[in-house]
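Below are structures written as structure tokens.
One chain, chain A, links the two complexes that follow: it is found with chain B in the first and with chain C in the second.
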Partner chain A sequence: MNRGSSSGRFRNTEAANGLMMVSPTAIYAVLLLAAPLIAVVLYSLMVDSKVGLSAGLTFDNYIKVWTGRIDQALMLRSLTVSAMVTLVTVALAYPVAYFVSFHVRPERKSMWIFLITIPFWTSYLIRVFLWKVILGYNGVINSGLMNLGIIDEPLTVINYSLGSMIMTLAHAYAAFAILPIFVSLEKIDRSFLEAGQDLGESKLMTFFRVTLPLSMPGVIAAVLIVFIPTIGDYVTPELIGGGKLPMIANRIEAIMLKQNDKALGSAIAMTAMLIVAAVAVVFLLLNRRFLKGQSK
Partner chain B sequence: MTFSAEKTNMIEFRDVHKYYGDYHALRGINATIKAGEFFSLLGPSGCGKTTLLRTIAGFEDISSGAVLIDGKDMANVPANIRPTNMVFQSYAIFPHLTVEENVGFGLRKDPRSKDEKARAVAEALEMVGLKGYGKRAAHALSGGQRQRVALARALILKPKVLLLDEPLSALDKKMREQMQVELIKLQRQVGITFILVTHDQEEALVMSDRIAVMFEGQIAQLADPETLYRRPASKKVADFIGTMNFLPAQVISDSGATVEIDAAGFGRMSLSPDQVMRGDSEGGPTIGLRPETLTILFDGQTASDREVFGTVEEVVYYGDMTYYDVSLPGAPEPMRLSMRNVPGRPVLDRGAQARLGWSPGAVVLFR
Partner chain C sequence: MKNPSLKLYAVAYLIFLYAPIALLPLFAFNDSKVIAFPLAGFTTNWFAEMWADQQLFKAFGNSLLIAVCASVLATTLGIFAARASTRYKFPGKAGILGLIMLPMVLPEMIVSMALLVVLIAIGVPLSIFTIILGHVLICTPFAVAILTSAFQSLDRSLEEAAYDLGETPASTFRLIILPLVMPGIISSLLICFTISLDEFIIAYFLGGNQTVLSVYIFGQFRFPAKVPAVMALGFVLVCISICLLTIAEYFRRRGIAKTGGKDTGGFL
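Presenting the complex of A and B:
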């Protein structure tokens, strides 16, 4: 018992227990996240020619990406689309979360949350396809309007447009935005709202001065959860955009697989990742500001 | 108090009823609270005292009746334009704002300049003893400090009525006693009507000019602390406020001017009308005696009034006080009495014989 007591003591510490518990996940994460990421970083610094990858360690790929008109345009489109999607999703999710938190009887809240998640029981791909069915050239809306005699030929605005892409993505991420906002609204002590009114503010002003700032951590979480995956979305531009409005992920696919230029593709991927990281950091700093006062 | 008759009514409840579904929370409240008064709503939890306070603030609609503030009916007047401010039980200090932002929260529409408002905030903080705390984050405050911020935030708006919803219940005993004194001083200083909700009878007695004792949605008695203590209107009120000994009694004659009774253990006595509480006849006529109105007489002492003999059943020593349970011949239950432990006064043992001095003037009769 006394022999090896130092290692025994280590085994019994809380830190060791914690490490033991996270180690399967940690190994999994290292193998499946860190290793591919390192590979992509290395690829992006190499040169890909017909002969194959050569170890050059050069920034040529990055320079090509950052100065390339197409890459710039697609990156900008990706940012615009995901910014719009985030704006639309969070703006629509907030009232839903607010309604469930403030106007649904406590014993019904979990049922409402359950109902909100129902659309997410089917796969993302199928939901995107369904939007195509609704918005498509011969889709539900167009044929419906034509049968009613309201339009003579199918509207093209509603398919293959940025608007329809934003609509599809906003729907896809709605629940992910509703849930964090709902949680942050639930945490607000209702006496704060009464205090706001007691101190002379109307219900609307109390919302802007008390409820909204106190729910900002949830809003910021929602922004990150929606913004980060949509910027790299591949399916929606392909199906809803009809391939005519590619985003950065489609560009990466084209370069990597069709042109078989792993190095350049990796450089685009890394660039996109850095931009997402920069945006995320800004929001995390904002979140810290709002979280500051809410340790209790 | 020569001008007390001129004091105007600040709050008036006119037959206020409140239902939550089938639950009848307020059952016909009629009361007036005078301007500048320190008024308490006292009762056990669930008696409707907080609901009544919230009807003044405007957080609770009433089912029927009327609530008037300074002569104006408050029906359909929302909370944000009522001339009242509240100190919440949880204090409700906004966690995303600093202390001075909290205190200045209600000044947004105030026409004064920014500098003047800042000065007002500083003054309010100084008034509650938090000078120099303005830049602190609200979440870094202790319970007592939060309460002071809540007070400053409410008083800076110079309300006609300040509502306090169990403001001291979250504080420890020492802090609570200190805040009681500070609140009384503050109320005298600002002259605003204070309405305090509490379940702590001692707190109510210490702080209030007048107290409304509530049970089950009704006011059982509304009186000043002394009357409430010495002349409780019912056995329930007597029991809720302090301790009272109850003994069965027989009414021999009731002429209206004097009431002759024969009480178990104490014998015959005559009581004046103000000692007779009518309307609480449950369990038959009963007399009530507070513990401190009974005195153990030691050798050589003579009673100022009447004497009875009894046996000490239980002794509880509290340091400054000793509580005795003394059984009297003919009385069904022992009497609880309290004696101050002054120098030279012995503490009796269990089983000792005791001579008790008492006075019929301290007796109340419930019939």
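Presenting the complex of A and C:
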């Protein structure tokens, strides 16, 4: 009993020490993240008029956002763009991560990863702008092809389209997709692969039945890491879309700052967050299913 | 060797990653106002034009100030959180750390709008200070991630040995733990610095009338005549960030070597 109470006291001091240690960071996050998010939730339930915010709480803003034609169209566009970007990015990244993990000598792996991450740390704005320069009407591709005599008139399909937005974002988030997939591939016990082949599976079948399922947590992490920021991207629709193909973030800015309707803007922001959360939950559940499948 | 097509694909992918950036030096030195092929000839005029722009220096100065403050503050907050998460068990740990890491998985637009609404509501004027507040918030998760791996590779027995030899917790932290995690701290500082320097959304919405580098660049895109000078600026920025990253990578590797860990590559 004596021992029990002393270990209880120890646990208490450890808990207290831990809480004390984490408190500066935690307080910062509560004041500058949790409190503002709660404020946005409250705002979204009020009505913003010229007189000021109403006192009562209502779902009017959400009804307006979810039934409004423009908002629906923008949500759908944002979802389509970020879903396509995620698909393209992850599909293109997987073979690269696989190559680095399985075919590169261990001592050279970190050099490959370093090479892959460098472009990602250079100015995001300038990278997006470079795609505008490449794909624009008088851009690098059009002027290059016209110069070579392959085309007579500039191609218009490549500028200001959803396709070029997807291309730009897929390039911008490439490293985000490769890293988690690489990490999960690195964790795979190589003897499983030998076992698969010893049991008569072909190399391809071993990949589909062993490697791919085991790397699924990395793929799902990659999906989330790419999907979440792209759905809220502001710069690409502004620069590549030429402002003609706005997404949610541009809509939030327009409502919140240009029309100065903080309540409606908050409702759009919350809706975007709900979409992100819903997608995240679906993928996390998928992840759990894969983990379960593994332990069986 | 085993699969040449896979290697070919990986190399092609690297080319795809680098191709847009390769255009920067090409057009930064190109003697033409129009960004198009064929190239017109060599010039350093765009660098001179960039150099003569007073606004650019003002914006760059603001960015440097913000990046230094944000990286120091975020790394300090990161040290507390990483130390707490690797060394202690405490109630609500997952929730608290989840909240701290949340900005990593939240669209930046939402973070900046939420902050903006509150700052306006309580009447804080938008300035460089408010940008720093926002940048610390989004840099902290990266600092925590980097520092957690640095603290994780610490050998607990070193710390216990120091206690046995009569050191206090504070002197142990200063003499034993801090030197061992120093490489992690330096790479966290550099990464946070780079993130803050590059960040646009928060700087754009929380800056009021203060212009920082990324906002300046965004403003220049509206004027086609300014594009070559932006290319020159972009080239300089790419060179700076490659230097910073190489230094960060050097310290990260040295850190791993110091604590005897295995190199798994990458910052994240």
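The rule we apply is simple: the second predicted complex is superposed on the first by the 279 of 296 C-alpha atoms of A that agree within 3 Å, B and C clash if a C-alpha of one lies under 4 Å from a C-alpha of the other, contacts with A are read in each partner's own complex, and residues count from 1 in each chain.
Throughout what follows, a residue touches a chain if its C-beta (ideal position, glycine included) is under 8 Å from a C-beta of that chain, and two chains touch if they have at least 3 such contacts.
Just so it is clear, the model here is predicted, and its values are computed rather than measured.
Colleague: Would you check which partner chain A:Gly200 touches, where first means chain B only, second means chain C only, and both and neither mean what they say?
Modeller: first
Colleague: Figure out whether A:Leu79 sits in contact with chain B (first) or chain C (second), or with both, or with neither.
Modeller: A:Leu79 sits against neither chain B nor chain C.
Colleague: For A:Val279, is the partner it touches chain B (first), chain C (second), both, or none of the two (neither)?
Modeller: Neither partner.
Colleague: Can A:Leu185 be said to touch chain B (first), chain C (second), both, or neither?
Modeller: In the superposition, A:Leu185 contacts neither chain B nor chain C.
Colleague: Tell me which touches more residues of chain A here: chain C or chain B.
Modeller: C
Colleague: Once the shared chain is lined up, is A:Met46 touching chain B (first), chain C (second), both, or neither of them?
Modeller: In the superposition, A:Met46 contacts neither chain B nor chain C.
Colleague: Figure out whether A:Val223 sits in contact with chain B (first) or chain C (second), or with both, or with neither.
Modeller: The answer is neither, since A:Val223 touches no partner chain.
Colleague: Check the residue A:Leu214 against both partner chains and state whether it touches chain B (first), chain C (second), both, or neither.
Modeller: So A:Leu214 only meets chain B here.
Colleague: Take the contacts of chain A with chain B and those with chain C, and give the residues found in both.
Modeller: In chain A, no position sits in both the chain B and chain C interfaces.
Colleague: For the complex, give me every residue of chain A touching chain B.
Modeller: So the residues of chain A in touch with chain B come to 189, 191-192, 194-203, 205-206, 209-210, 213-214, 290, 292-296.
Colleague: Going by the contact rule at the top, pick out the chain C residues touching chain A in the complex.
Modeller: 1-3, 6-7, 9-10, 13-14, 16-18, 20-21, 23-24, 27, 34-38, 76-78, 80-81, 83-85, 87-91, 93, 96-97, 99-100, 102-103, 105-111, 113-118, 121, 133-134, 136-137, 140, 144, 194, 198, 200-201, 205, 214, 217-218, 221, 227, 230, 234, 237-238, 241-242, 245, 249, 253, 263-268
Colleague: So in the complex, the part of chain A that touches chain C is made up of which residues?
Modeller: Interface residues on the chain A side: 11, 14-19, 21-26, 28-30, 32-37, 39-40, 43, 92, 95-96, 98-100, 103, 109-110, 112-119, 121-127, 129-134, 138-140, 142-144, 147, 171, 174-175, 179-180, 182-183, 186, 224-225, 228-229, 231-235, 239, 248-249, 252-253, 256-257, 262, 265-266, 269, 272-273, 276, 280.
Colleague: Of all residues in chain B, which touch chain A in the complex?
Modeller: It is residues 57-59, 78-81, 84-86, 88-90, 92, 94-97, 105-106, 108-109, 137-139, 153-154, 157 of chain B that touch chain A.
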